[in-house]
Amino acid sequence: MLLVMTLIEYADASPDVREVYDDIMAARKTDYVNNFWKVLAHDPVTLRRTWNSIKEIMAPGALDALTKELIYLAVSVSNQCPYCIASHTASARKAGMSDAMFAEMMAVVGMANETNRLSSGYRVEIDERFK
Amino acid sequence: MLLVMTLIEYADASPDVREVYDDIMAARKTDYVNNFWKVLAHDPVTLRRTWNSIKEIMAPGALDALTKELIYLAVSVSNQCPYCIASHTASARKAGMSDAMFAEMMAVVGMANETNRLSSGYRVEIDERFK
Amino acid sequence: MLLVMTLIEYADASPDVREVYDDIMAARKTDYVNNFWKVLAHDPVTLRRTWNSIKEIMAPGALDALTKELIYLAVSVSNQCPYCIASHTASARKAGMSDAMFAEMMAVVGMANETNRLSSGYRVEIDERFK
Amino acid sequence: MLLVMTLIEYADASPDVREVYDDIMAARKTDYVNNFWKVLAHDPVTLRRTWNSIKEIMAPGALDALTKELIYLAVSVSNQCPYCIASHTASARKAGMSDAMFAEMMAVVGMANETNRLSSGYRVEIDERFK
Amino acid sequence: MLLVMTLIEYADASPDVREVYDDIMAARKTDYVNNFWKVLAHDPVTLRRTWNSIKEIMAPGALDALTKELIYLAVSVSNQCPYCIASHTASARKAGMSDAMFAEMMAVVGMANETNRLSSGYRVEIDERFK
Amino acid sequence: MLLVMTLIEYADASPDVREVYDDIMAARKTDYVNNFWKVLAHDPVTLRRTWNSIKEIMAPGALDALTKELIYLAVSVSNQCPYCIASHTASARKAGMSDAMFAEMMAVVGMANETNRLSSGYRVEIDERFK
């Protein structure tokens, strides 16, 4: 039994895992599958469900692809998830995030985390008009 | 000594608190100051610093006002802060967030929180190209 | 079976629960047992262990009682726990926390939450001298 | 004064620390004490209290040892605590967690983190029947 | 535009939303759809995806239904999500969680949250054998 | 465009960044600027705002410098932020935190995280007198 899950490379993957890898590469117009998926491949059901969900959620709609990537990265920063920060910084860059956009997103994340605690600690009641 | 901080209304506020209230209303083109500021007014130094920081951070720059509001709300949702969710839903609405944008932002926040835990629990190593 | 745990009042408590209630009231020089303990009393083993741990941890040592209460409250604010914020604001007040101390503690909690995210999102490497 | 706490090995430990180490090894039927305890040994009072609490909490009762380990690991994953994920993956494995169980636990943790944010952000009111 | 999302009752729901409601009631052998779904119905795509994911994840497999419910509830408690705690306490009860099981689960969640911080704050290095 | 922000050393810094560095070194009576600021320097506006806020917040007032450092560190431990734990352990040491103070602060942080979850999971109602 494994303590740490290894990377399942394309060559060693089962047909259903390969199918997901192929779809990831096609959707992202790349020949690279990042480690997250190669580890998740130990559970092909979760691999497929997670990929299908992300593909559905991240497709441009009322919000464009860059805005969605910025939100994904902002949440990952707020949760302090090292892998997600690294991989979603990369995907946000690919979607067009400039240095200035990154810096402004970071400033908003920092401030939101600060005022979230101020409002909780000061026990501020919700304004009638916000209810 | 107070267990719960009361709201400091404009009529009862000191001149330096009024100055911040005036600036909030001018910047937001409204005659309404929400409860967060009226409670924070118990500490005029924090009131002024927090307002000045938010005004600087939320001004349109490389990211427009709506994108910044969406990020602020996304972080507040991720942190599950009831007051901040209520007040920033209102301000994002004011900045142009539609029902569809709200729903898509929520879907991204939910998925980011899920994959943040998957990558941490599976102990996925950061890809060389993301370092 | 219960969805919500009721308060177990002294009059209805078993002897071992009463013994803990008595110790709480004696240690805190009060005749009041707050709701947290009256709900936890549904699990007498956890009630006793939790109270004994808190009594040991919160006793003055290298840090005085007020400093410990401020830290307890700061963490509860950071975690945005409504019950804990309410009850530990009360106990910090009792231990001598003034309005000014509360405001300064809150400012530190807010700022720490902000810079925690800035350092994580900017992926700052730990300085050699801090290792 | 120390910035980073060193490991206190058995040979260098005081009698009261050794007593806890001995009890850990006896309870776990192993001759290995993991780093967590060897660092916590810098504070013998916390070492003893923490160990006694864990021993009491993790003993089989209404829930068996494996279920308790799965819950412990699930919380550690949700909190994204690297040390705890590593050490509690090991102890859950020892208690009988298979690869399939790990994968299913992970899927639940991921989904709970997602729906927790959906319910908070959509501000869902608690159903009367759940109150 | 809405600040707070209303409940979409069956009678007012679109055919695709009704289809999900029907599936929820069939899978859970009940005629009750709880508020979470009735609010999520404002976004039928997220409603369907979330329900399908939960149905797949919570089906008995290597872990039985009760163990999965306990893990779901444990994570919701750890995240301090009021709605999720209320609704998943109810579903765990329905799956067979006794008062004693609830109390033991809670004790593990509390302890895991404590030791997660102890290991992070003491900066404990991961044991070679856990890597 | 950068995936990881480099350190901006004094020699390479713009005049406005140098001004902040100079102020940091003067306020802290040191010739060392730690990595956090050298990375934040990529966004001079955030660098200046963050430093000015921290300088204002951490100055002794109703709470002394050591108490503020202990609270800052306690929150960073609770948030499990590796960089912040490392850097604020160092600054708390500099402000006079002994090994015993560190250990007692850690015990309070651990316990607060435990009881925060117990009160949330047991759904304890706030006592009338704490409202």
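Residue numbering begins at 1 within each chain, and the chains themselves are lettered A, B, C, D, E and F in the order written.
Operating definition for what follows: a residue touches a chain if its C-beta (ideal position, glycine included) is under 8 Å from a C-beta of that chain, and two chains touch if they have at least 3 such contacts.
Note that the coordinates shown come from a computational prediction; the quantities given were computed from them, not determined experimentally.
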Shortest path length from subunit C to subunit E (each step joins two touching chains): 1
What chains, if any, are shared contacts of subunit A and subunit C? B, D, E, F
Self-contact between copies subunit C and subunit D, residue sets same or different by half: same
Looking only at C-beta pairs in contact, point me to the busier pair out of B-C and A-B. A-B
Compute the distance, rounded to whole Å, between the mean C-alpha positions of subunit E and subunit F. 34
Which integer distance in Å separates the CA centroid of subunit D from that of subunit E? 21
I need the residues of subunit F touching at least two other chains; which ones are they? 3-4, 42, 45-46, 50, 53, 78-82, 86, 89-90, 98, 103, 106-107, 109-111, 113-116, 118, 120, 122-123, 130-131
Can you tell me which positions in subunit E touch subunit F when the two form their complex? 77-78, 80, 82, 85-86, 106, 109-111, 113-118, 120-123
For the subunit D and subunit C complex, residues of the former touching the latter: 3-4, 45, 49, 53, 56, 130-131
Residues of subunit B touching subunit C in the complex: 1-3, 42-43, 45-46, 50, 79-81
Residue ranges of subunit F touching subunit C (in the complex, touch as defined): 4-5, 32, 34-36, 39-40, 42, 46, 50, 53-54, 57-58, 61-63, 67-68, 70-72, 74-76, 78-79, 81-84, 86-90, 98, 100-101, 103-105, 107-109, 111-116, 118-120, 122-127, 129-131
Within their complex, subunit D touches subunit A through residues 80, 86, 89-90, 93, 98-99, 103, 106-107, 110
